[in-house]
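You will see two complexes here that share chain A, one where it goes with chain B and one where it goes with chain C.
Presenting the complex of A and B:
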C-alpha cells in the first residue's frame, strides 16, 4: 500500500472512528474510572480505591438461590448476574430455535418476492422497542388478550396470574423483540451456500437429513454464531423488559444497575457491577468461540 | 448393444413450458468413454443430471446396470458426478472431501482411510491432504472432485464440463490424465462438453446434441468423416459447403451439377439421392489441395483468389474467394507442404480435391 492510499484509508475510517470514540470508548472509560470512586452520602469521593470490587467479592453468609450458594456479604449482584445470564441464554436459545427454521425457509423455499419477505420481517421494528414490550403486557396481563380469550372460551373462570410479572414473561418478550435480528445473519449464511454443494452431497450418498447435518448446518454456523452473540450480549444487560413485564421475580442485573445509578444513589457501585458483567460476558463469549473452534472455522469458510 | 451399462428409452424433460429434452433413446456400453457434445442450452447437462438422479425425467425410462432408475434418488444410484463448479465442500479438508462418500460403503475405518489415500495418490494430490478448499488451485480442485467421485467406485462416472474452468495448457494435460485414468479404472465415463476438440480427443463415442435432441451418435472419426446432417458437420470441425443439384449417382458416388464451379463428385455415405435433389457437396478444409497452377478441366476443381492467409505455426489457414460462392472456401495446409505455395492475398489459385474427400449432405 502506498502512503497515499494509506492516507485515503485512514481518512475514510476517521468519521466512524471519531463517532466510536465519542459514543463508545468515552463512556466505557468514564465507567471504568467511576468504578474506582466511592459514594459517600450525596457526594462522590474521587480518590482511587478498589472498595467497590472488594465489596462485590467480600465473603459472607450469602444466600441460596435455586440450590446454588452465593457466599457473599452482598449477594444480590452475583445472584442477579447468574440469573440474567441464564434468562438471556434461554431467550437466545428460543430465538435461534424460531429464527433458524425461518431463515432456512427464506433461503431455500422462497423463490419469488424474497425482498418482500425480508421487508415483512422488519415490520416489528417499525414500532418502538418500548411499544413492543408494552404490547406483551397487554397480551399477558391480568385483563389481557390471553386471559380474556380463555375466559370467553369458558376454559377458565378467574384470570391466570402467572402469565405476567415473572422470568418466563421476560424471556418471551426478549425473544420476540430479537427474533428479526437473528433471522438475517442466519439467512445470509444459508443463502451463500452453493446449491451444487447440496447436489454433490446427495450424489455422494447423503440422504436429505445427512446432507443437512453434514453440509447445511456446518456452513450456516458463522451466521448462527453471529446471531447468537447478537442476541445474547444485549439481552443480558437489558433492563426495560424486566422492569415492564418482569415484576419482582423477573429482575435482571440491568435493573439493579439502573437502581444503583438513579434511585439508590450509588453510581460507582453500579459502574463496578457493569464492568464485572462486561468482563464476565467477554470471558463467556471467548470461551464459547474457543469451544466451537470458531477460528478454525472462519479460516476455512472465510 | 448387448448388456449396456446405461439404457435411455424415450427420455424427455420439460421445465414448465420449456422443453429441455425430447425423446432421447440410446445405449452406453460398459467401460466406454462417452461424450455428450453440444452448444450451451442443448440439454446435455440436463441429460447428465437425469442420469445422476438430480433431475427426474418427465417421460421415458432410464436403466443403469440392468436396473430401472425410476424413483431411485441420487444418493442410491451407482453413479457419481464431477460438477462443473467442482462443488468442493469448503468446511472440509482435501482428505475429508475425498472420503465424504465412503461412510456409505460399509468399510472399516482403516479400509476407508486406505481407499482415501489411494485416491489421493491416483489424482496426484499427495501432500495436500490437509489443505482446505480455498488453498487449492483450479486444477487441484478439479482433481479433488474427481477423486471424491472415483473413490466411491461408481459404475458410471458423470463429468459436467470438468475442464472448462482451466486454462488451455492445463486443460490439455488434464485431458490426457483423464483418458489414462479412465483406462486404468475401467469405469464408464459420461462426459459433457461444448468443446468439440475435447470430445474428439477423449471419447470412444460422442452424441452430438442440439435443441434437446440427439443428432448423431458415432465415434470421433465417424462424426468427422460421415456427419449425418449439416448441423453435425458444422459443429464438429469446419466444413466447406457447395450448394448443388444431383444429376446422377453411380454406386456410392453422387454426381452433381448446377454450381458455378462445374461438376462435383462426392461420397453418398449410404444416403440415397435421386436426380434433381438439392444438396450440399461438403469438403473438409484440410482435404483441399491449393496450388498456383492454372485451372484444369474436370470435376472437384475450382479457380479462386486468396482472400487471406493466417499463419498458425504448424499450419496455415487460407480463405479463398471462388466466383459464384457467397462464403470463401477454407483450406488448411500443414506448413510441411507449404514451400512454394502462394503467400499473399489476391493471388490466383486452383483448388482441387478427391471425390472420396467430398460428401453429400442434405440441403
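Presenting the complex of A and C:
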C-alpha cells in the first residue's frame, strides 16, 4: 500500500475513530479509573486501591444457588453473572434458531421483491425498544393477550401466572427484540454463497442434505457467528428488559450495576463489576471463536 | 420589512459580497448570543416528582401564571432521585418526605426555603411548619404539602375473610399468598418483616449489621418470593389489583380511592402491627438552572388550598394547608376520618429517618436480597 492510500484510509477512518474515542474509549477509561476508587456515603475516595476487585474474589460463606455453590463473601455479582450468561445464551440460541431459517428463506427462496422482504423484516424496529418490551408485558400479562385468548378458547379457567415476571419472560422478550439483528448478517453470508458450488455438489452426486451440510452450512458460518456475538454480547448486560418483565427473579447483572450506581451509592464497585463483566465476556467470546476454529475458517473462506 | 427586502435582493443577486458577509456575520453573532440570553432568563423549571403528581391540578396557579407545566422527571423512590441529582441531573425542586429529606440535606443539595416568599405559608398547619423534616437545624428545608398513610390495600371480594377480620402485614410473608400480593420495592420489606416477627418499628427501621442480615435472610427473602412483583410504579400495582392479579398490596391512600371510584371492592386495612403515616413536601435544590422565583411559584402553588381541595377529593390524602379542609367537599373530609395532621401522625407510626450509614447499608442489603431470588 502506498503512503497516499494509507493516508486516505486513515482519513476515512478518522471520523468514526474520533466518535468511538469520545463515546466509547473515554467512558471505558473513566470506568477503569473509577473501579480503583472507593466510595463511602456521598464521598468518593480517590486513592488507588484494588479493594473492589479483592472484594469480588474474597472467599466466604457464600450461597447455594440452584445447586451451584458460590463460595464468596459477596456472592451476588457472581450469581448474577452466571445467571445473565445462561439467560443470554438461551436467548441467543432461540434467536439463531428462528433467524437462520428466515435468512435461508430470504436468500434462497425469495427471488422477487427482495428489498421489500428485508424492509418487512425491519418493521419491528419502527417502534422503540422500550415500547416493544412493554408490549410483551401486555402479551404475557395476567389479563394479557395469551391469557385472555386461552380463556376465550376455554382451555384454561384461571389466567396462567408463570408467563410474566420470571427469567423466561426476559428470554422471550430479549429473543424477540434482537431477532432482526441476526437475520441480516446470516442472510448476507448465505446470499454470498456461489450458487455454482451447489450445482457442482448436486452434479457430483450429493444429496440435498449432504449439499446443505457440506456447503451451505459451513459457508454461512461467518454470518452466523457474527449474529451470535451480536446477540450474546449486548444481551448479557441488558437491564431494561429484566427491569420491566423480569420481576425480582429475572434480575441480571446489568440491574446490579445500575443498583450500585444509583441506589447503593457504590459507583466504584459498579465500575469494577462492569470491568470484570467485560473481561469475562471477552474471554468467553475468545474461547468460543477458538473452539469453533474461526481463524482456520476465515483462511479457508478467504 | 427589512428582512423581506434583504431576501429579495439576495434572490435577485443584487447583494454585494461585503453586505452578504456582514449579514452572515451578524447572523452568526446573533446565534451565538441566543443561548446566553436564554440562560440569563433562567432555564425551564425542572421538578423531580412522584408519578401521578405531574398533573396540572396540583399546581394550578403556577400553570395559570406561567402558561405551562414545568418539566417533570418522575422517580419511584427518594434514593433513586437522590442518585440522579448527585449524578448531575439539574433539578430545581424535589418532593421528598419527612423521613428522606435529610438525605438531600446531608448530600449538600438543599437550599433553605425563604417562607416569606410563599403566600400560602401562613395557612400551613402550625405544627407542620416546625415539624422535624420541615425544619432541620432551625432551617426550613421542606415546605410540607401532602400527608397520608402506607398500609395494606386488599380486594375484599377475593381475600380470605380471616385476613379481613384480623389484618396483618404477615400476608406478605405467607407462602399461602405467594404470587397474589405485591410489596413496594423498598427495604421496608425487611423492616416490616422484622415487625411481623415481633420487633417494634422503632428498632426495625434502624437495623444494621448482623441483625439486618438475619432479618433480610428470614423476612426479606420471604417477602421477595411471596410478592408477584415488587412495585415501583403506583399505576402498575393499581392495574394489577383492579384485574385481580394481586389481591393485596402495600399501598397509599390514593390507590384505594381510585379503585373504589372504579367500583372495585377494595378496602384499606389497619394491620395489627400498625399502619404507617408520612408527610411529604417540596424542597429547593441548589442544582437547578431555573430562576428561583419559578421554583417558589411552583411550591406556593402546591401549598394553595385549591390544590389541597383536589388532593383531598381525588386521592384521599391530607394537605398541609388548613384552608383546604374548609373548601373541600365535607363528605370527602369526613371520609378521611382524621383531618388534623397531628392527630393523624399520633394515630399511626410515623416513618422515621435512619442515619445515612444505616440507609446506605439497608439499600445494599435490600438490593442483594432481591438479586438472590430464585
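We adopt the following convention: the second predicted complex is superposed on the first by the 297 of 302 C-alpha atoms of A that agree within 3 Å, B and C clash if a C-alpha of one lies under 4 Å from a C-alpha of the other, contacts with A are read in each partner's own complex, and residues count from 1 in each chain.
The rule we apply is simple: a residue touches a chain if its C-beta (ideal position, glycine included) is under 8 Å from a C-beta of that chain, and two chains touch if they have at least 3 such contacts.
Just so it is clear, the structure is predicted and the values come from calculations on it, not from any experiment.
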What does the overlay on chain A give for chain B and chain C, a clash or a fit?
fit
Chosen between chain B and chain C, the partner touching more chain A residues is C
Which of chain B and chain C A:80 touches, first, second, both or neither:
second
Chain B versus chain C as contact partner of A:202, first or second or both or neither:
first
With the two complexes overlaid on chain A, check the angle at chain A between chain B and chain C, Cα centres, nearest 10°.
150
Is A:22 contacted by the first partner chain B, the second partner chain C, both or neither?
neither
If you stack the two complexes on chain A, which partner ends up touching A:248: first (chain B), second (chain C), both, or neither?
second
After the superposition, pull out the minimum Cα separation from chain B to chain C in whole angstrom, please.
46
Write out the stretch or stretches of chain A touching chain B in their complex.
194, 196-197, 199-207, 214-215, 218-219, 297, 299-302
In the complex, chain C touches chain A at residues 77, 79-80, 83-84, 86-87, 106-108, 179, 224, 227-230, 240, 243-245, 356-357, 360, 363-364, 367-368, 370-374
Mind pulling up the chain B residues that touch chain A in the complex?
52-54, 73-76, 79-81, 83-85, 87, 89-92, 100-101, 103-104, 132-134, 148-149, 152
For chain A, which residues count as touching chain C in their complex?
41-42, 63, 65-66, 75-76, 79-80, 141-143, 159, 161, 165, 247-249, 251, 255-256, 259-266
